[in-house]
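Please see the structure below; I have some questions.
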Amino acid sequence: MQLARRIVVRLFGGAIMVLVVAIFTFFLVRLMPGNPVAAEYNTLIMRGMTPVQAADEVRVMYGYIPHEPLIDQYFHYLWQLLHFNLGQSISYEGVSVLHIVLSDAPWTIVLVLLGLITSFILGVTAGVIAAVKRSSGIGNVLTVSGSLLHGIPQFVVALLLAFLFTTLWPIFPFGAPYNASLTAGFNLPFIGSVAYHAILPVSAYAISSYGGWMLTMKSSVISVLGDDFVLAAELRGVKPRIRFGYIARNAILPLFTVFALSLGFMFGGSLFIENIFDYNGLGNLLVTSISNRDYPLMSGAFLFITIAVILSNIVADFLYSVVDPRIRRST
Amino acid sequence: MSLHDPVPAPEDAGIQIRNLTVSYDTDRGRFHALNDVTLDIRPRHITGFIGESGSGKTTLAMAMMNAIHNPGRIDGGSVLLEGAGDVLRLKGEELRRLHGRYFGFVFQASSNSLNPLKRIGAQLMDLGRSHGVTDLRALLREAKTLAERMGMDGDRVLTSYQHELSGGMRQRVGIIFALVLKARVIILDEPTTALDMLSQQAVLEIVRTIHQERGLTTVIITHDMGVVAEMADRVVVLYAGRVVEEGPTQSVLRHPRHPYTRGLIHAIPRITGNLHDVEPLQGTPPDLATIPTIGCVFRERCPIRAPICDTVAPTPTSAHGDGIVTCHGVDQHD
Amino acid sequence: MIAEQLPQTPLVRPHRQSFLHIAWRVISARPSRILGLVIIVFFALMAIVGPLLYPHNLPINPNAIYAPPSLRYPLGTDFEGTSNLALIVTGARYVLFAALMAALFTVFFGTTIGLVSGYFLGPADTILMRITDFILTIPGFPLLVVLSTVWNFGQPIAMGFVLGITGWGGLARAVRSQTLSLRERGFIEAARGLGLPWWQIVFWEILPNMGPYIAMNLLVSITGGIYAEVGLFYLGVVPFHVNNWGVMLNLAVFTGGAMQSPQALPYLLSPLVCILLLTLGVVLFLDAMDEMFNPRLREG
């Protein structure tokens, strides 16, 4: 019951956040130099449309028309948003923003998720080893390499990977999420091609977030090793395997609090990684929509990236409360 | 010793500690936490280890179980367990089997000696599995009976998490963990610390009853002379990693012979006594880094210091019938 | 005025001389830390005096377009035949200055909000922490990209301000939790008992105790700032006002085709190696900062 309540509260909080972000993008577009909404309207008038036609056209794109008072515009925009109408793209003429965003989102989410899982597993494992062997050579090597990888920015990782493995040693394909000559669908060559093409970008995500997990896990394990219950379990003669489980489960808990930061970081990285490896995901969409001055599309892409981060955070919070009885039973 | 059928602890689990030396590596150098400790823990007795913090009483208990960890190190000596041989020679699986089966260590109430993420019952089953218990239900039944004997709701305790228990309950759960595998030697670390007066009495009562019922060998680590007086058959007074006095509790408390023991006893305020009679112990508890390496370690705080104390370390001499005292001044003052 | 009767020095203030003394002892304890410090000083000098060594308009050479590294062009040349070394050195100023500004703003916002939140608690704390959670959840880099459509990043200080205002969340949370533990300490309770005004307690008594931690964050924020701004320029969403490392990356990849043809490679690798080197320097030096901050480690 309490768990359900907690999730509802989090979902409600998430919805408010999404709303705030929607307000933000709305006013951002309105405040832009040259007011693109009004500019679009004027362009349409110049093309010979009647004011009514032009206003309709603009409303389809942005969800509101420029002559209304700001507050009316805002409520029209929100009203459309509540109906999952994000307006129409300008650069892809006549296509709804929602359609574009939804067709691009899976690429981003799948790649980020794969990168997240890979880096989490590797980072946690390396963190445990680094903590247990912290006074030996292996521990030092792991810690230093973790700190370095943690420090290197994502675009540097992605550019280096692309350069090393597609140009210098061309073992992986460059650009495009799959071989265009194959027919897209649920067939083996296509899926194989997608996986083959995904290795480098997923590695880029994984490498750039591995260090963070590793360092956090290391310090967490070190602090858990000092807890009374670890010594108590040893003095009770609990089997090493079971004891390791005790330590690991307790040490992983603090990592859930890092999730928010990490997810924001990874979705932020999609802007570079999709750009460098030429994926049609949300990150690339955001960048190209800005270059094309396609503001409805920009707002939609940004809103979706935010929603993805917020939802993943709620999932992480849910997992956290499943693992930690102290949270599950209280509040 | 076969792993699958460990030798059950014998009825009379006595422990003979010989020349036990333990040192700790610190940033200021390596220091002895225990120095050449020789001691017999008698079976079916309650033995009290008493001393200020830093006296080595907890280290002694840990060393008895061969559970000294980095930066500590056992430098020498032996700990002979009835029926199991020298504990200090055991390692790995053999040592693990001994922990829990032979020894039961009970943490103080303020410590979190249970995995916060698992129910008590599940942790008991982990304990059972670790020691090859096949009938886990019987183990849980046994734990439940013990819990109820200690005045707790057995079912509730087994389905609880650590954070749902009070300090006193945690400690009693710790006692259950120590007893459930029928360990013969129970070691209690500061059993009354961090408990209110009523809980203290309850815990001591439980310990005494079970000790007698099962014929256990019990060690109580404490800095509270009152607990020793109330519970212990024999008392071991430790100072700076050395046994300074040892003997039957009655005799040691009535006729303390080491000036340190006298100081400890005089430092106890009595409800019925006059507060002016209380003499706080002079000086500060020993710091391992600054205790003298030559001569008597207690001399800086000693009211009966003599020139010989600066140069020669006192050796244990017989006292209290079958006990010992380690002081140059005993002959003159007895 | 009780405050005036008190000694001018706060109750706890790091002694300047002894701090520098400790700092040097800690740094010189390991060669890697000295290397880190040398790298950081090297780049700082590059940013301060580097641009003075070159003419305002860097010379171009149509005969040496994408020239490989040579004695005349140690890092090769770009698409116009301009020396990559000159581009790196002159570009360092904007990059590092904007990053410094970003770090200062981050530390300013993060520390102030964390201190106020942790000291006053109550509704102020609730509101500030909600905002902090919000800032932490919104993906920072996409937000910057979106902001770049309205914000003019031409001046380093403008770039730094935006980076700061989107990046203070983590620091605010950490400062808040430290403030919470410090406010229970004896000397803070004493200061409150003396009736000192809140700002004096917060900024003169509590803040100095977090000095090393904040200094560490300043360094981390500088590198974070460098990555974010170079990233923005690399993606090309920010107009190129001045030459800098991100612009070089962008032109090398999108115009020079460095990914497909090796001729523009020196142009691509020069800024990449600079960023890697600077990261290395900071990571090595942070190890020393960590030890200075954590006295338990210092004893060793």
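To keep things simple, chains are lettered A, B and C as they appear, and every chain counts its residues starting from 1.
In this text, a contact is a pair of C-beta atoms (placed from the backbone, for glycine too) under 8 Å apart; a residue touches a chain by one contact, two chains touch by 3 or more.
Keep in mind that this is a model prediction, so the values were computed, not measured.
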- Task: Please remove chain B from consideration and report which sets of chains remain connected through touching.
- Result: one piece
- Query: With chain centres set to the mean of the C-alpha atoms, which chain is at the far end from chain A?
  - Reply: B
- Most C-beta contact pairs, which chains? A-C
- Averaged over CA atoms, how far is the centre of chain A from the centre of chain B? Could you give it in whole Å? 54
- In whole angstrom, what separates the CA-based centres of chain B and chain C? 53
- Note on the structure: dist(centroid_CA(chain A), centroid_CA(chain C)) in Å evaluates to 24
- Message: So in the complex, the part of chain C that touches chain A is made up of which residues?
- Response: 133-134, 136-143, 145-150, 170, 223, 227, 230-231, 234-237, 249, 253, 258-260, 262, 265, 268, 272, 275-276, 279-280, 282-283, 286-287
- Query: Which bits of chain B are touching chain A when the two form their complex?
  - Reply: 65, 67, 69, 96-101, 103-105, 107, 111-119, 126-127, 129-131, 161-164, 174, 177-178
- Query: Given the complex with chain C, which residues does chain A contribute to the contact?
  - Reply: 17, 20-21, 25, 28, 31-33, 144, 147-148, 151-156, 159-160, 162-163, 166-167, 174, 260-261, 263-265, 267-269, 271-272, 275-276, 283, 286-287, 290-291, 295, 298, 302, 305-306, 309-310, 313
- Message: Taking the touch rule as given, give the residues of chain A at its contact with chain B in the complex, in rising order.
- Response: 227-229, 231-240, 242, 246, 249-250, 253, 323-326, 329
